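What follows is chain A paired twice: with chain B in the first complex and chain C in the second.
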Partner chain A sequence: MTLVRLLSAGAVALALSAGISLAHAAEPAVAAPPPSRTAMILFLIFVVITLWITTWAARRNRSAADFYAAGAGISGTQNGLAIAGDYMSAASFLGISGLVFASGYDGLIYSVGWLVGWPIIMFLIAERLRNLGRYTFADVVSFRLEPVEIRTLAALGTLTVVAFYLIAQMVGAGKLIELLFGIPYLYAVMAVGALMILYVALGGMLATTWVQIIKSCLLLGGATFLAVMVLIHFGFSPEALFASAIAVHPDGTSIMMPGNLVGDPISAVSLGLALMFGAAGLPHILMRFFTVADARTARKSVLYATGFIGYFYVLTFIIGFGAITYLMNDPANYRIGADGTYNKVTDLIGGTNMAAVQLANAIGGSFFLGFISAVAFATIVAVVAGLTLAGASAVSHDLYTSVIAKETPSEDREVWVSKAAAVAIGIIAVFLGYVFENENVAYMVGLAFAVAASCNFPALLMSLLWRGATTRGVFIGGLLGLVSSIAGVVLGPAVWVHTLGFAHAPFPYDNPALFSMALAFGGIWLFSKTDKSKRAQIDKAGFKAQFIRSETGIGASGAVAY
Partner chain B sequence: MSAKASLIQAIEGDPKFHKLVAKRTRLAWTLTGAMLLIYFGFIAVIAFAPEWLGIFISGAMTLGIPIGLAVIASAFVLTGFYVYRANSEFDRLTREILEGMK
Partner chain C sequence: MAEAFDAQNPPFERLSHDEISQVRAALDIGYFRPGEAIIAQGQRSENLYVVIKGLVEERDGDDIESALGPKDTFDARSLVHGPAGASFVAGEETLCYLLPKALVLELIAKNTGFAAFFYSEISRKLRSYTPGRDTGGVESTLRARVRDVRFRPAVFVDASMTIKEAGHAMREFNSNTLLVRDGEAIGVITRTDLAERVVIDERPLSAAIRDICNFDLATIGIDDFIFDAVIAMTHHNKRRLIIESAGTYVGVIEDIDILGLVAGNPQLIPGQIERARKVEELTASAHDIQSQVERLRRQGARVEVIAEITSDLNRRLFAKVFDLTATPSVSEAGCLIVMGSEGRGEQTVRTDQDNGILFTHPVPDDELAAFRENFTAALESFGFPACPGNIMVRNPQWSQPIDDFLRQIKSWIVAPTDDSPMNLGIFYDAVPVTGHFELVDRAKSAMAEMMRGESAYLSRFARAIDLFEGASAGMFTSIMASVGVATDEIDIKKTGTFPIVHGVRTFAIDEGLKETSTVHRIEALAESGILSNELGRDLAGALSYFMEIRLQSQLRAVKTGKREQESIVRLNELSTRDRDLLRDALRVVKRFREVVRSRYHLSMF
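And then the complex of A and B:
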């Protein structure tokens, strides 16, 4: 009975954090469920280890470079794991395997979209970012442009992405912990908030990086175990796995080809753009490039991250098909209707997003179920810590030092502001998590990606590559992208119709990226071209020095020796 | 003239710097183009000819599976190729430019 309750409430939580399919979310748990002992013990072990690392990191943190960028002393392999940790959320693990469970091949389409942004980051951004910046991506955009306006824009873009991402993660985490620990939702959200404040405010980037690395290893290890167990069962023959899945899935052979996930071509391209370029505009991901010593290590990090993330998505595909074959013929995994029958997709206990967790139970029993649940927590806690650090850095390093403070503050003062901002963001996140408890927040991850692709990414790319980009152009174009991407989501079907309850959406597509990215790039071009101000001359004159440093790394901030 | 300005001028006048930039720019945009082509080609097939991905090729295996996995693999292979070229050729050129400045 524990399992049933656990799965049904967990489904709501993960559907919310996944942002993929809310269609099959189950009813919430009725009474306070007994906590899962294994999950609790494993999660407490994770908490103890990570807090120990945090105190270790706090003793080593001495300067702003330590706090923001771990002294630029993280190795390529470590950073590759940390990037993968920041990027592989519980949403991609449970959401994509659930999507494969429900509709087969369509899950692979999402995985591919989430991966293909990484090569672009490598070819166009990673090395230049490392060569030009120190702590935040605004360092890079404002390298030759007017800092006050550019850092204001970057902070707006960063805080918007962080806020939407955080709400989705907090609500998902709160519901899951409420369930497994049997404590009320509000306390669960407060516990997550307290953990992320401790990691970030005490341990800074060094602690946050190690939390990501541990989470990455746990997630990759758990997913590998699940996938290998499935493959062993089928004698490592994919044909046998697929044949068995076709035989039990109600959709039969159509699970082996694209289904209804991608509608009209415009939606397909718009979603593709948001997934692809959103990754290149996520502030907590971009910060990771400043934690390594030089451009060479930055390259290595992206290669490793791409490998880990791609491998992980292949695993989720196998896990999804494994769940079809293991779960669909066993009525014990389903809510049985009054007539004694059940729908093999929608009636799965806990909903389709619980497919991987159900599979863990079917393969490894309650211990492995507890392990996978604990991994899902660790995943969410790590992601919110990364987001908090990115938000706090935007407040202290971008807003406070360049926009608010009249004169350059001391390093100690700046770090103090950052820690205070981390505490504030943690408290606000708890508050928002509480306010949004019963709201549909599934669209918020998509919104975060759309804003990242439409505001942060165009500002970064154009300032890096186009000599003619001016402060005015980047500022106005970036704002256009920010406002239009938010407007597109709010006026689109997901929010306007499904959340607010209006009949017709003024904006017909679920993802605005195609239009908002075009507005941002077009705006940057137009308002730079027509910019005849004195500042525009300074901006363009500064390109040469920026270009040489971005290409060679001469003058770049290096690693701090401990 | 400040030390920084003279350094910029020296690098700008270095033919090796132009060689480095030209080579790296060409490779980066070629690979970016290849990735965009592969990914949006995949999306185009899904949008316009999805049944083509459903052709059975070996038992229960459809053509879409190896193609989807190939897109994932291509992301890693293209990234790896860039790192290979950068680690050997581009880093060597950068080092030579820096040594020329001393």
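And then the complex of A and C:
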């Protein structure tokens, strides 16, 4: 009920801002074509329907059970779909198809990298996380290490990852709303931010599993339809599709070769590392493993999630090439320069991030445009909600409770802090989303993965698998990874040159993961080895119990003398 | 001055004329300046105060709990039960009647109706919310039949019996009245008769009762109205009537029995239970425990008090059934426990039985099997509904030696099946009833130890609070219901009581709290800073309100025979004030749910 109400409120807010901007559109300054009214209305209808279905399914699922029956947990398939839902963000859908649209083959590096992350999670992390029976990655790492330091580190890492990840979602949503409603980007981002704050602070306490499950199904369905329509056009022959794309694309045959997007090997390795290991450090994904009943279900859910995600990336690849063939020859899709020419890549209305949405319009007209936009928008809202919740809980449970508050705060105080944090995160996200307007969203998510792979992942892996890891080592090493990855991002070309406008980037590579991960692992090793403190002995002594627990799910300490 | 004392002011209207005179003679008047403490917190009071003029504030620390005005009485608790839980401070210039403690205690001992008021006055929160008194109560009682009263069976003795023997007979049969058979004639003799003849007329103890008994019997038919009985008593100026049925005398009804029908007299039940020698003899007590719930409620007792009295009585009953059914080795090794709402002391109208037994060491199989069967069968014969979750002594899972039971708990935690969380939750509410009390403590400490740090498990456990979300007592629901689109039925158990009880229980397990009742758990949580004092207070208030209206609908459900409606409240049947209260209480639940959700990360599910 709450959700539908909120969303209708949000829809009204959007419609209102659309109205304002329509008045605004009367002024000649706006270059965008008048948005399709049909698409707009359909979009609003679809968004409301989507969210209604979500609420309905969540409720139905609940009322079927009686008191306590919920204790059993979520099934593997359900959790797999939910994980896929968390993972298939706007970045994947809009960003990867946009990258493929712009660079062809190299767009795949993201899909492949993100997919390869899953076996890593499955073999290294999933089962152990579930067996340890803790909630968040901070809880797991502080299983045997000193909680105050670890929680500080975890909270900082989580907040940074969430911030980068949110930027990508905000840019995606802002661009989508800008394109669809023809309102200025700033207003679009603000409207999305306001909606997200409303959702999380007021009604966002809705359980997210069902939101993600429904969203996964819708996104897979929508993307399948787009891809099938493209393939039908080419008689289900990928060869014909690629041939036609090569013919249309300004880069010609080179779009079928690596090197367009990531030039040098160091950048390629760095990006690859970030994408592969980052997933295992994403706070909102890691939390998905404690909702299942046992380690077996945890493994199973990763298997299903990998399947869904892999299938989805195949679709985005087809959609990207489809966009090349459908859009590039039609000037209606482009902002035409003064000389009547246009750049087939950069001048796409709404930017390359909107390739998939424009393709929907080209294939199915405003009806399908409205539908795909609504699906993409629902995707963003759901992912944003999950991220904001993870961020807010890092602030309230980790940072506030362990570090800031002088004495242990009451639980209702924590609720207040977490809501305030959600609002703050929302405002920051709007600001950053505005600043990073023209970055490719998949690229921004890549940066989030770099931070996750350099801070959260090393801390988690080393504390789980290396007996010698101590509090000091993990804290300093994790912090090194965090700081170096942020520094690498800020000093790198994307921020230093493109966003801040400097001429030359001090750090030449787009993705810092290679260096920051090495620093993190090296730091953890070095500072643990040299740690002779009393705490270090406690940390090492706790490893055996933790190891047994993480392998079997049965606490060695549970064999208390009765 | 003392004549101005209003004898109609409750509870004094329950006193007899003579007793009122006694009160008036003993009255004193006190004057208190504003801000003066009349009874300090934690102190015993030597008087019962009745406000004449002015205003008295009942304070807990700095918080004003309630304000008392003219005709209000305080403080029964510090008079009868020990130190005052709150302080009473004059809010303005105040005049009070002072009634000496000794006299009040004497009246309580003498006058059942007056005593019942004090019993129900234990928790004086009554003032903040007095349930709509059932004014039809007394009237409907008078319309009851004589056979509905728990009268004493007729005891016949021969007229040749001596006074001394009669006295012994009265004691043996626990009766104030004997029917005396003298050939064809039937007479009656009472304890008062005996006392008067011996003390005043100085008759020898060896005299036959023939000469002193009364052959002029005042009788009443067993199917007559109580109303008629009262008239007959007044008419004959007698305090007891002989009950006639089909030409024979079957029993004796006393005025106190009628009072019991109106006021309920839970203080009599423990004696009844104590005296029972066979399981069948407990049936009446089991029935009485249930019927006194409604009577206490009619008197205006708060639901907490009713629940407290009821669970105390139920536990005595359980203990007695245990004594009667347990074989020597079972009673030597056993510890009978009650769990769930019964354990938390929150059950009023019986909804189920959650009980079990732990043993210090294994007992012989055949004895155990017989006991399991007999015990549960005994309770069933009293009309205790069987537990739907099969949490009963009869179930071997719930009657085993402590070591096996601890292994059982371990397996519920390590390898949970669908009902493991439920079992853990119900067991954590266990209290020992009789036998080796320490076993429960041991099992619970072990369980808290095993659950420590099991955050994922606790969070799946806590998740049940989300099962029944979203009830609203707002305008929208009413409007939708009035046009038939939605229902205005609110399930109090699912949307009110359960989330509070279960959320608090989750915290209790997490923190290893020893308390069992939800209110005490809330207090403990507030004390350790896990919940703010404010939320703690609100929760306790909301829970009390839910229990109150649940009891209302339970009693209605029992009366109409629709047991499935037992926790349903219809919005359009509530007064505006009740609806407001319900809305506030539901809001508290919502706030608490958010706290639980945040602590246990339930938004991930």
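Quick note on the criterion: the second predicted complex is superposed on the first by the 380 of 562 C-alpha atoms of A that agree within 3 Å, B and C clash if a C-alpha of one lies under 4 Å from a C-alpha of the other, contacts with A are read in each partner's own complex, and residues count from 1 in each chain.
We adopt the following convention: contacts are C-beta pairs under 8 Å (C-beta built on N, C-alpha and C of every residue); 3 or more make two chains touch, one makes a residue touch a chain.
In this text, all values refer to a predicted model and were calculated from it rather than measured experimentally.
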Practice item. Considering only the touch criterion stated at the top, classify A:R134 as touching first (chain B), second (chain C), both, or neither. Key: second
Exercise for review: Answer with first, second, both or neither: which of chain B and chain C does A:S410 touch in the superposed model?
Suggested key: second
Review point. Regarding the shared-chain residue A:T253, is it in contact with chain B (first), chain C (second), both, or neither?
Key: first
Practice item. Give one of first, second, both or neither to describe whether A:H498 is in contact with chain B, with chain C, with both, or with none. Key: neither
Check your understanding: In the superposed arrangement, does A:P265 touch chain B (first), chain C (second), both or neither?
Key -> first
Practice item. Answer with first, second, both or neither: which of chain B and chain C does A:L115 touch in the superposed model? Key: first
Review point. Which partner does A:L303 contact after superposing on A: first (chain B), second (chain C), both, neither?
Key: first
Review point. Taking the superposition as given, does A:I554 touch the first partner, chain B, the second, chain C, both, or neither?
Key: both
Exercise for review: Name the contact category of A:P238: first (chain B only), second (chain C only), both, or neither.
Suggested key: first
Exercise for review: Could you tell me which stretches of chain A are touched by chain B in one complex and by chain C in the other?
Suggested key: 553-555
Exercise for review: Would you tell me which residues of chain A are touching chain C in their complex?
Suggested key: 1-2, 59, 62-63, 65-74, 130, 133-136, 139, 204-209, 287-288, 290-291, 293, 389, 393, 396, 407-415, 418, 553-555, 558, 560, 562
Review point. In the complex formed with chain A, which residues of chain C make contact?
Key: 402-403, 406, 410, 413-414, 416-422, 425, 442, 446, 449-450, 453-457, 459-461, 463-464, 466-470, 494, 498, 502, 529-532, 534-535, 591, 594-595, 597-599, 601-605
Revision key, fill the gap. Per the touch rule, the chain A residues reaching chain B in their complex are 105, 108-109, 111-113, 115-116, 118-120, 122-124, 127, 238-240, 242-243, 245-246, 253-254, 256-259, 262, 264-265, 268-269, 272, 276, 296, 299-300, 302-303, 306-307, 310, 313-314, 544-545, 548, 551-555
Practice item. Can you check the complex and tell me which residues of chain B touch chain A? Key: 4, 7-8, 11-12, 17, 20-21, 24, 28-29, 31-32, 35, 38-40, 42-44, 46-48, 50-51, 53-54, 56, 58-62, 64-65, 68-69, 71-73, 75-76, 78-80, 82-83, 86-87, 91, 94, 97-98, 101
